[in-house]
Amino acid sequence: MIIVMKPNAAQQSIDSVVSYIENNGLSTHLSAGEEVTIIGIVGDKTKLPTDNLISFKDVDRIVPVTETYKLANRKFHPDPSSIQVGNTWIGPGSMSIMAGPCAVESEEQLMCIARAVKKSGASILRGGAYKPRTSPYSFQGLEEEGLRYMQTAGRETGLATICEVVCQEAIDAAVKYVDMIQIGARNMQNFILLKEAGRSGLPVLLKRGLCATIDEWLNAAEYIIAEGNPNVVLCERGIRTFETATRNTLDLSAIPVLKEKTHLPVIADPSHSTGSYKYVAPMAKAAVACGADGLMIEVHNNPACALSDGPQSLTFQKFDRLTRELEPFCALAGRSFERFDGQASDCHRTGE
Amino acid sequence: MIIVMKPNAAQQSIDSVVSYIENNGLSTHLSAGEEVTIIGIVGDKTKLPTDNLISFKDVDRIVPVTETYKLANRKFHPDPSSIQVGNTWIGPGSMSIMAGPCAVESEEQLMCIARAVKKSGASILRGGAYKPRTSPYSFQGLEEEGLRYMQTAGRETGLATICEVVCQEAIDAAVKYVDMIQIGARNMQNFILLKEAGRSGLPVLLKRGLCATIDEWLNAAEYIIAEGNPNVVLCERGIRTFETATRNTLDLSAIPVLKEKTHLPVIADPSHSTGSYKYVAPMAKAAVACGADGLMIEVHNNPACALSDGPQSLTFQKFDRLTRELEPFCALAGRSFERFDGQASDCHRTGE
Amino acid sequence: MIIVMKPNAAQQSIDSVVSYIENNGLSTHLSAGEEVTIIGIVGDKTKLPTDNLISFKDVDRIVPVTETYKLANRKFHPDPSSIQVGNTWIGPGSMSIMAGPCAVESEEQLMCIARAVKKSGASILRGGAYKPRTSPYSFQGLEEEGLRYMQTAGRETGLATICEVVCQEAIDAAVKYVDMIQIGARNMQNFILLKEAGRSGLPVLLKRGLCATIDEWLNAAEYIIAEGNPNVVLCERGIRTFETATRNTLDLSAIPVLKEKTHLPVIADPSHSTGSYKYVAPMAKAAVACGADGLMIEVHNNPACALSDGPQSLTFQKFDRLTRELEPFCALAGRSFERFDGQASDCHRTGE
Amino acid sequence: MIIVMKPNAAQQSIDSVVSYIENNGLSTHLSAGEEVTIIGIVGDKTKLPTDNLISFKDVDRIVPVTETYKLANRKFHPDPSSIQVGNTWIGPGSMSIMAGPCAVESEEQLMCIARAVKKSGASILRGGAYKPRTSPYSFQGLEEEGLRYMQTAGRETGLATICEVVCQEAIDAAVKYVDMIQIGARNMQNFILLKEAGRSGLPVLLKRGLCATIDEWLNAAEYIIAEGNPNVVLCERGIRTFETATRNTLDLSAIPVLKEKTHLPVIADPSHSTGSYKYVAPMAKAAVACGADGLMIEVHNNPACALSDGPQSLTFQKFDRLTRELEPFCALAGRSFERFDGQASDCHRTGE
């Protein structure tokens, strides 16, 4: 932490900052430049409320020099983490594809989708049972019933399973049925939920908030890890900007930035970020190319009839073509996933 | 809801959209222009997942023509609402000033602040007992103990009280001790918490999310009201932009926009939005001038030692000067509040 | 300028930064903290390309400690400036109201509007003769012919006049006919135009770019002043955000921030920022309340037929009502302007 | 263009909208729904100022249904364009790599860089001779002298050349010396410059404005093409958001969106957008993967001493490694470029 004083700050102002810091048991280091005096703080900054120093007379700026997150910080954990989810791993060397419907609608639907995405190379089945929706009048999910279908579909296909949670009650249910829980974008700074997720024992997929900085996102991950749960995977899903041609703006630069700042795996969600099935394939390839450890992709047996987020869902055919096209990109990125080419799924599908 | 087809859409594409809508029990209205065909939907749109229509062949765009919120909508409730909080009202004719520390630190501190803000014209005492903080290592609040101090301070001074809640447990405690609960910016789309707040029976102050649109904000209010609790007050507290000179960008235009779209009262928070005590007074006046029903202002007996958000807190003197200066602006805006000029508070205060 | 090294930076890395700086004729000041080493630069920073230091090994961050603008900086010019425009002044004590049509359409129209806005209290007539339009197929202005009408209208009514310029040719024409030139938002970083405006000799109204920071804006003003023209007035006209209920987001907090950082006068444009006549009056009052030196407001004799930006234009009646309502707000803000109440204008006007 | 009336709009209000449209020589098509009445406009909309309709009584919204750009629109030009620049082409099948220094500093420096980037696969040499800089006190470029060096370097190496222009004078000089001109982000809506570039006869690289929507960007391209110059290439270079870990946010989703909306080639600039050499390689690969026709990359013989934008420049070694790694990604994307492996460049280079 550095305190930059204003040009021509009075000696008395400098002294009062120094006293405040030293009275809190820390020491200081002064640097008097031609234009400004700079005060460095030496010692354990958690002991004093440093933000308040900005209120002191003649203080111009407070400049933090170290990050507030420790457990998520690559500086203290240089090797990239690999996180186990059911029978699969997310991390170096593998391309983890999470696929499935935005919302679980019925057992039959889910089973049909699970079989299809498994064949095309997904290792984790996604499906929403608790849907946070902007309007209270929109479909809100099948809740525990949906989770049971997820468990069944996971057992039948051998896929690991992930489901979004929105409260302690949902976490309690998720622990019984699925392999990984997801904290959605809108709950990224729901700190109570982060702590509860941290105590759940399950690996957690933490989506970036719609207007969260990377620093805030890593602090949110820190909340989970600080509860004793190191199994956190980050998911870039688009930030809100003024552009309206896509639903949000997928911030792919965040991937190499995160690879530098944290050891946690990072995946990308090209479905929610773009809001349109047309842009899913190019953005999935781009995410792989810039270092993503995985992808989360919405797949639906009949997008036009989906109860939630149909416009961005891929049909089985489109998803299969995408994973075929992804394979060589993954190879270049030093990653792999397994396709099961064989008989096509027998449930109803929309044509292309 | 209007469906705009692409130029030269095939007749078959138009037919399939029409069939889909009619198969769901609604009717359609076609308008074939020179360039494009437009399909209007007639009937109860809640019956069909209209978003998915964008996936249909040759569909260019879906244009909603009505808002999704009803109970918060001024169209169906033309008179502005007045909301009772303890012994005071927020709404037309009055300027409700909520003041107090960001975080409750001790009973003595709170009592001292409560007396000071009461004298200067506040009608509601604010004080955080559950603090959502970006870093898990920052001070998180006194929790229930803090709420008890709020109750005591409210009883002693006659001020109504408000406290932020972050989970059901906090709501349960708040119901026992305070007059109004606050949903913070980070929880604006924590739909579970919104519903719980709706069932609490207490009036709710709903802060705007950092990157929430006005439309999303009103839908969040709808969640609360839909639980049978019409006592919602909105609080504009700044949105996130690229500008760094202020912590956030106070979107004052939102106030006249909200006055047009909803009957709910709207207040502004110039403390959190600007992040600096220097900008609180001008922005408070501006908020009054453009129609705010109230203000939320951070006041601290010793900002330089505050455990949270010191830089933006006003001293007692600055707050007193502000409310004096606000009085004629409120008069122009057809609003009033009551100051109790008399003996100065006797607790320790920082000088100017 | 401070250079923050990474934790555990090698001594060799520190040495190479120090050498680079000293080889450029400056001196350094080291501060070795527990966690990081910080290197301060002492001397004239214009001598070395400091940004590049970020490429040096083990350098974590470069922290500027002084602003790059000098002539616009209040630190070196503590008294607020007052700028003469024709026969009127913009600055402390006065509320300068610039009003008129977005685009000059005809001499008759302009004269009619000029008389009306003069009566209601405007001191400066605005009117666009060179219109920067998003689409090449939109109306682009009457150019020099429009400027001649501005001159005539100014002479007839005694109003000072202002017109946007978009190139040297427009400046050359403007110098002959009007009292002040405007650099529009889209040209805020058209540095060639800024320099040309600086050499024009006319006072310049500099609108904020749609996504310009306050710091960039002041640097743009510096371009004009550095050419020897100190007569710059800043105009906040809304920034681009994700909110769509208003055309842009009027950043009123910028006004008190600018009052602290610069001595230049600041006005607000509630017409372009909100994009709707409905929000002009409340935002105009708010701008006055938080310290604006003036307002720029679009007024049209028949908004529904305006060739440009009709939706945000006020009718004569609405503008007259607004200035009446503004008077007491200006009085509170210690500012005044002069209304000429008398016979109503005789040209055709739309009713309310 | 569709006009959506408010719920319960008076018949008189509907009639007055219809009259206004019909009086302007167009016809209307009414659609009276249960909730709202919608008025479609049939005919040539350029005949009436439709925006103003929003001012009419009971009008709720105006919904455009067609884009304002025609010549840049893929609807009317379904095949992707290929643009010739000197002896090379930008478009389908090729990966055009533009590389070079941010600013031309000397003939020797430029020649050295030109040789190096040519060997590593660049087909176009970039180098700034007219630098638009935020501060008037920063280095502004060598101007015409710089262009002459560009010409020499182009002739010696066989590379095509590109240089940013900021005014007519710079265009006049550029026409004499280089093969392509660039309009920078800050000038994207400098419509005068766009028209001048359109009349220059040279192909134009049009960078996206920092806060420009894709729609505005295509309208800016339309300005150039409307002057008779169809040779426009778009360059995504990052948009401004609240994120500070990268200088801007590279909006790669814009690439597939543009591929749908326009026939013009699109390239990406990972150097300026991220602001750090560390992120250039991953983002370059991502851009190729999602469909870019080319890349613009800053390369410098000694980044730590560059006069402009050093932190984001690649050394020769890093650039060479990048193009080697890019080759297989280009192959997957169906594109190619030519490397000249051989003797290393002999000018001074920084080590890695």
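Chains here go by letter, A, B, C and D, matching the order in which they are written, and residues are numbered from 1 within each.
We adopt the following convention: a residue touches a chain if its C-beta (ideal position, glycine included) is under 8 Å from a C-beta of that chain, and two chains touch if they have at least 3 such contacts.
No experiment lies behind these values; they were computed from the predicted model shown.
Engineer: So which chains are sitting against subunit C and subunit D at once?
Structural biologist: Correct list: A, B.
Engineer: On the document's contact criterion, could you list the chains that touch subunit A and likewise touch subunit D?
Structural biologist: Shared contacts of subunit A and subunit D: B, C.
Engineer: Farthest chain from subunit B, going by mean C-alpha coordinates, please.
Structural biologist: D
Engineer: Indicate the whole-number Å distance between the mean C-alpha point of subunit B and the mean C-alpha point of subunit C.
Structural biologist: Using C-alpha averages as centres, the distance is 31 Å.
Engineer: Please work out the Cα centroid separation of subunit A and subunit C, and write it as a whole number of Å.
Structural biologist: 40
Engineer: Approximately how many whole Å separate the CA-defined centres of subunit A and subunit B?
Structural biologist: The answer is 27 Å.
Engineer: For subunit C, give me the residues that contact two or more of the other chains.
Structural biologist: In subunit C, residues 211, 240-242 touch at least two other chains, as defined above.
Engineer: Show which residues of subunit D lie in contact with subunit B when the two form their complex.
Structural biologist: Result: residues 2, 4, 7, 29, 31-36, 38, 40-43, 60-61, 63, 65-66, 75, 240-242, 244 of subunit D touch subunit B.
Engineer: Can you list the residues on subunit C that touch subunit D in the complex?
Structural biologist: 20, 46, 49, 51-56, 68-69, 132-139, 166-167, 186-187, 189-193, 210-211, 216, 219, 222-223, 226, 240, 276-277, 303-311, 313
Engineer: Show which residues of subunit D lie in contact with subunit A when the two form their complex.
Structural biologist: 211, 213-215, 239, 241-246, 249-257, 260-261, 273-274, 278-279, 282-283, 285-291, 328-329, 332
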